[in-house]
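Right after this note come the structures.
Heads up, the next two complexes both have subunit A, just with different partners, subunit B and then subunit C.
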Partner chain A sequence: MTERQAPFILFQIADTTYAVHSEAVQQMEMVEHITPVPNAPPFVEGVVLSRGQVIPAINLRTRFGLEKKPYDLRTRLIVVRSGERTVGLIVDSAREFLAIPPEAIQPPPDTASGMSERYLEGIAILDKRLILILNVDAVLSIAPSEELHLAEAIAEVKDALLAEENPPA
Partner chain B sequence: MSIFTRSRKSRNALEQEIARVRSETDQINRTTDEITRITAQITAGLETQINAVEETVSQANEMTASLKETAGQAESIAGSTEELVSSINELAASIEQLTANATDLAAAVNENAAAIQETSASIQSVTATAEEIAASAEQTATSMNEIAASIKSVSDDTDALNVSVDETAASVEELTQSVQSVAEHADDLSTAADQTSSAINEMGASIEEVTAMAESLASAVEQVSSSIEEMARSVAGVAQSAETISEAAEGSATSAAQLDRSIHSVADLARQADEVTKGIARDAQESSATTRQSIEGLLRLRDSMTRSATMIREMGKRAEEIGSIVDTINLIAERTNLLSLNASIEAARAGEAGRGFAVVAEEIRNLADRAAQATADIAAIIRALQEAIQEAVASANDSLRIADEGSRMAEDGVAGLDKIMSGIEKTSELVSHIARATDEQLSAGQNVVSAVNTTARQAKQVTVATAEQTRAAQEIVQSVAQMRKISQQVTQAMNEQSRAARDIIKAAQNTTGLAAQVRQATNEQTKAMSQIAQAVEAMRRSTASTARALEQQSTAVDQISQETERLARLIANVSKAMGEQANAATQITAATENMRRQTDQLARAIQEQSRAAKEMTTAAQNISKQIALITRANREHSTAAAEILTAMSDIRRANDRTALSIEETQRATVNLRERAQAIAAALDRL
Partner chain C sequence: MTPASTNVFTEFLDDYFAECDEHLTAMRRNLLTLESLAQQERVDVSLLDELFRSLHTIKGLSGMVGLAEAEQLAHLMESILRALRRHQLDLSDEAVDALILGTRTLEQVIATRQTRQPLPDIAPAIKQLEAITGPLPDLPPSPEETPTAATETRLPLPRESGPPAFTLREGERAWLFQFTPARALAERGISVDSIRTRLQEIGQIVHAAPRIQDGGKVTFEFLVTTDADDSTFTPWQEDGLTWAPYEPPPPTPAATGLKAVPTPSIGPPNVVRVDLTRVDDLMQTIGDLVISRARLEDTLTSLARHVPAAQQRQLQEINQALERQLRSLREGVMRLRMVPLGEIFERMKFVVRDLARERRQEINLALSGQETEIDKLVVERMLDPLLHLVRNAVSHGLEPAEERLAQGKPAEGTIALRAATAGDSVIIEIEDDGRGIDRERVAEQARAQGLLDAEAPLDDPTLLDILCTTGFSTRRQADRASGRGVGLDVVKKTVEELGGSLALDTEVGRGTRFTIRLPLTLAIVDALIVSVGGQRFAVPLPSVREVIEARPKDVTVLGNEDEMLSYHGDVLPLIRLAARFGLQEQFERAFYVLVAAHGAKAAGIVVDRILGQREIVVRAISDPLIQVPGIAGATELGDGRPLLIINPAVLIGSRR
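== the complex of A and B ==
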């Protein structure tokens, strides 16, 4: 059982809790100095130096089509590996290391756009917390045209889960 | 026969003429007596007048004294007092003149007395002579009786007739001689009558003069009385205005008393105001002190508020420091969380080997979370604290501002109180000034009251003095009226005297004419007597004279005897009259002596008067030096008094002249009387 409990790193963006596999996470850092990169896409904040290697820092808010917010003490840079790429994800906060049992994980609900199926591995509900388990590779390969709709899709997911969990009496 | 008849006729005519002369002489005597009486009346009137004048002068002097008394209170009498002094000087000069006149009068009286004594002596000798004459007349009468007896015996005897004729012739011769002597006496009588006439004329002229003087005296008295009446009216007016002044002074006294009461009440009010103001000043000082204490309290409050605000700010700073520390703790907690997450990742990656490490990391992460939670709580508390401090700082600033405003307002209040204090001090000073001024006013008011009372008293004294003056003026008016009456009586008496003098002159003229007639008759008688002598010679030659002639002669002798008896009676009468005259002369002498004594006394009195007048002059001069001003009314009074005194002096001089004239009249009267006596004596001798 214990083996089956895959550990996740939980993080928040715009009050929504997401989770990534801890094995995909190389390390976590506080956002310190970001060097801007010319002609980079809008969601790329720039590059940072992390453990001797230069990695791009992606603002997931921008990536999810949400508004930027200033960095603060809780802002985190989650350094993930996707294939050969190492990317830093800037999130609002990331403070938990949690093992989620597989039975708590469900497939993402169907939505009209079908977008959540591509970016979410599944959803977990633990202690009435909705946790969206993110497919890091999919997130990193989001086409620019889809960016604008991702936030809507996430909202649809959340709405659908909430409707499912709290059916109207 | 015819010659004898003629002689008888002539004798009868002579006797008739003698009787007429005698009656005229008697009339002259009566008239002279009347003149003497009138002169005595005039003298008495003059004395009365002199007394009245003296009384008037004394009253005028009294009034002058009263005027001087008035002058002491009135300020404008000085000039008139000078005039008064000068008029007193005039009076003194007049009195001195009067003294000289009186001295002259005394000398004249002395001379007069001597003359009267001489006269008296001569009258006495005349009386003696007259007595001797009477005795001889008695003897003559006896002898004539004897003659008559003898003639009667001769009538029986012719021899005796011759003798008787001889004796008759002799007696006729004697008679002729006597007639001649009568003629001489008649001449003397004529001369005496002429002299009497001239003396009477002189007396008449003197009486006329006296009458004129009496009239001028009367007019002067009229003037004096009118000016005295005017003065009396003026004095009455002065008395009235003095009463008005007195009433006004009384009114002033009442007003001054009211003023004094009012000043008293003002002074009380001023003292009350002073006390009230001082009380206000004390209150204001207390209030000022209280306000200063309030200001000091406010300043202390402000200081303590400032300190509180500083402390609150300090606390805020400390809170901020705590906040930054909390941030640091928070950062540490976050980093701890991050480290524990990385440790968990590494532990997971290490698999089973990392399991214990994962637990430790888990616990570290929990601790870090709890630390973060605590710091979040602390941050919240500190935020609340900082908000509270912010509010406290704001309220402290507000309090400071309010305290500043309060102290500023209190300082304004203190400044206002200072102003009030200075104002109150000024007010208190002013009120004290007022109180002092009212005190001074009080004494001044009392001075005014006393001065006004003094004025009222003096006005009353002036009124009393003027009333006395008015009374004196009225008395003077009465005296002057009396004087006027006397003067009129004198004028009337002088007129009567003048009339009598004219009568005397007429009588004297008659006497003169009669004397001439007597002389003529005596001449005729002398002629007749020579014819008688011739006839007696013829009678002697013709012894055959008739018994009838003798009888007639005897009858004639009887007649002569009768005449002689009558003559003797007349002589006795004359003797008696002479005795009376001698008595009268003695009385006159005594009266003259008395008059001389009185004159001496008068002279002495006048000298004393003169001295008194000089002393009065000196006193008046002293008074005139002392008094500065005299009222115009008093000046007029003094002028009137001076005029009165001048008029009085004129009257006195006129009186003196009148007295002189009266003396002359008296002398003339005495002269006349002597002449009349001489005539009577001549007649007697005839």
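== the complex of A and C ==
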């Protein structure tokens, strides 16, 4: 008996591919009409209405400690559910729906900062493509004031993987 | 059977059908959810529990009306659910099918009983259900699952309906008898039926009703009018019967002067119980309608130039009629959601009684305005905050009796809980006549914790802010009355989340009063649409006293950069929304000031422009990332762009 392949939604931020469980995704939208919320944390772009509900729109670039980038035609708002919460995640692009076989998923490598273990559920390498499976619950549960330098953690992950593939001579 | 008890019987049957209908509806809904979960490993336990409860109730009630077929079906289905709950059985398609067939048959049995038609054949359903339960270990029914009452009586009884009005004849008294069937009594031949016969011999049974106790035990109440002396029934005490004189409620004008025997009601009482979610759905639809009408109005305005005046007037009239009708529809649905505050006030009585006993202190709880109605959701959310304030009043407010007497106060402390409606708001006050809040002590603590500048005075609003700061406490040791549950910070947060405000008045030696002002309803309010720094905001109209047009030269700047505006011969401190919200003001020559108040403190909120007045649908902001002080929710005006709703009281209250 084969295990069921888990479906994921893939999205990109700064040329890195991330995945979220598709069952957690409520809908995907073009980004329009974000109303800024005064005095909200910097990574909160504002609020949007999704199915009559007022939800925060989180700029994942800003959240991950990356440069902001103007919205374009590929920018997407991914509405995800995490426990009782529903939030919108603004990403560079999101166009793919992919079933990842469980055997392709491995735990995130140990890194010096410990970031990847906390915020990644796992990583998958499919057709030489690195996919980071994001732990949305963990990302959302950190205090807004805590900085999240995921970009650096990603670099660490990539280095770690590279080191595995090409062990130092 | 006397005619009176026959009527009671039909009334009970109606109640039985109404209640079964409710449970069957819930079961249908839950079964469909269950079906979608079939073959999954994990099943929501609460779903199974809810189904189990519905079946258990139907089983019990069916036993009481002697509908053995329904009882049998419900019993078998209950076993399946119990096995599912204990993981003795997997949620297979077969199991779900059997449950669905069982429920359908159960519905038919109950429906045919109601229409007095021949009962359907239940054998196929029983067979299918037994095919599932078959391999299960035979679970002996626990004692409370054997409804002794059901085997002893065929008398179905209603649950909640109150006793009917009755008139006493010369020399008669009314007694309320209570009887709890028990096996030991049954062995002596004492059952509900025999008790009823006895009571009928001494007088007239005006009303009979079962009370389901916790744990499923049933107690029967009989209201009897009789001229017999209570010595007649004193020996019955040994037969499990208890009684007390019954005080009839004051007769309503309609009831006086009518005949002594209550007229049997035809059909169930004139009340419908509705699931709150259905009302919410309706409210949602009305909210959508309000938005559609706003769009219609916008379109009419933009078409104005192209439409001949006569037609335009007609369109406007239709639009206005639509607005009025929508408003009355909305108010009607809103009324459905309103419940009296009395219910939670009553609960405070128990809290105060317990605290009084624990502290060996005499406390008088004075309630007023219990009939004040407020949205059901608000009542639910306000329960914990009110509990906290009442506990606080007891533990921090009221002094021990000796201390009170020494101050010339009555030994008994008083806590007053008042509610009243004022316009679109409900005001709740919690007041004690205790020691008041010691400003000096609070100020000292607050300065030590860096919450208060050394020089700053401590007026009531600032005092409240400090008391509401998370973690602030002047008590070293939290005691039972105040140290648990929600803190004052949570009280304030809840009130503000509901779009209301909290204010404090206190005087040393005299007492403390908390005033909570809440919007009557949450869903839809009239609001001013304003713009600040190019962004639109909505401000609920009930919170705005007045709108003033002002120019920069009208503003006086004080030494500490506080801005004031002269207002009705007084000065009004200004709050610039743009500055608060990190925006750039964009007014040309004049700006607008919304006069609002928080308790006794009034202030003017400065905005660039007033765009208009609209009915808005309030959407709550529940995510912590976007919960910002001064923002009470969000809305949209039909264009899909959210607008933030301002709570002026919070802006004023948090002004430093």
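In this text, the second predicted complex is superposed on the first by the 156 of 169 C-alpha atoms of A that agree within 3 Å, B and C clash if a C-alpha of one lies under 4 Å from a C-alpha of the other, contacts with A are read in each partner's own complex, and residues count from 1 in each chain.
Methods note: contacts are C-beta pairs under 8 Å (C-beta built on N, C-alpha and C of every residue); 3 or more make two chains touch, one makes a residue touch a chain.
Note that this is a predicted model, so its numbers are computed, not measured.
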{"item": "Clash or fit (per the criteria above) of subunit B with subunit C on subunit A", "value": "fit"}
{"item": "Subunit B versus subunit C as contact partner of A:48, first or second or both or neither", "value": "second"}
{"item": "Subunit B versus subunit C as contact partner of A:14, first or second or both or neither", "value": "neither"}
{"item": "Which superposed partner A:155 touches (first subunit B, second subunit C, both, neither)", "value": "neither"}
{"item": "Partner with the higher number of touched subunit A residues, subunit C or subunit B", "value": "C"}
{"item": "Partner chain in contact with A:35 - subunit B first, subunit C second, else both or neither", "value": "second"}
{"item": "First (subunit B), second (subunit C), both or neither touched by A:58", "value": "second"}
{"item": "Contacts of A:126 with subunit B and subunit C, given as first, second, both or neither", "value": "neither"}
{"item": "Spatial angle subunit C-subunit A-subunit B, Cα centroids [nearest 10 degrees]", "value": "120"}
{"item": "Minimum C-alpha spacing, chains overlaid - subunit B and subunit C, in Å", "value": "9"}
{"item": "Residues on subunit A lying within both footprints (that of subunit B and that of subunit C)", "value": "none"}
{"item": "Subunit A contact footprint on subunit C (complex, rising order)", "value": "284, 535, 580-583, 619-623, 625-626, 628-629, 631, 633-634, 636, 639-644"}
{"item": "Subunit B residues within the subunit A interface of the complex", "value": "327, 330-331, 334-335, 337-338, 340-342, 344-345, 348-349, 361-362, 365, 369"}
{"item": "Complex contacts: residues of subunit A adjacent to subunit C", "value": "33, 35-41, 44, 46-49, 52-56, 58, 85-87, 144"}
{"item": "Contact set on subunit A toward subunit B in their complex", "value": "7, 9, 22-23, 25, 27-30, 73-74, 76, 94-97"}
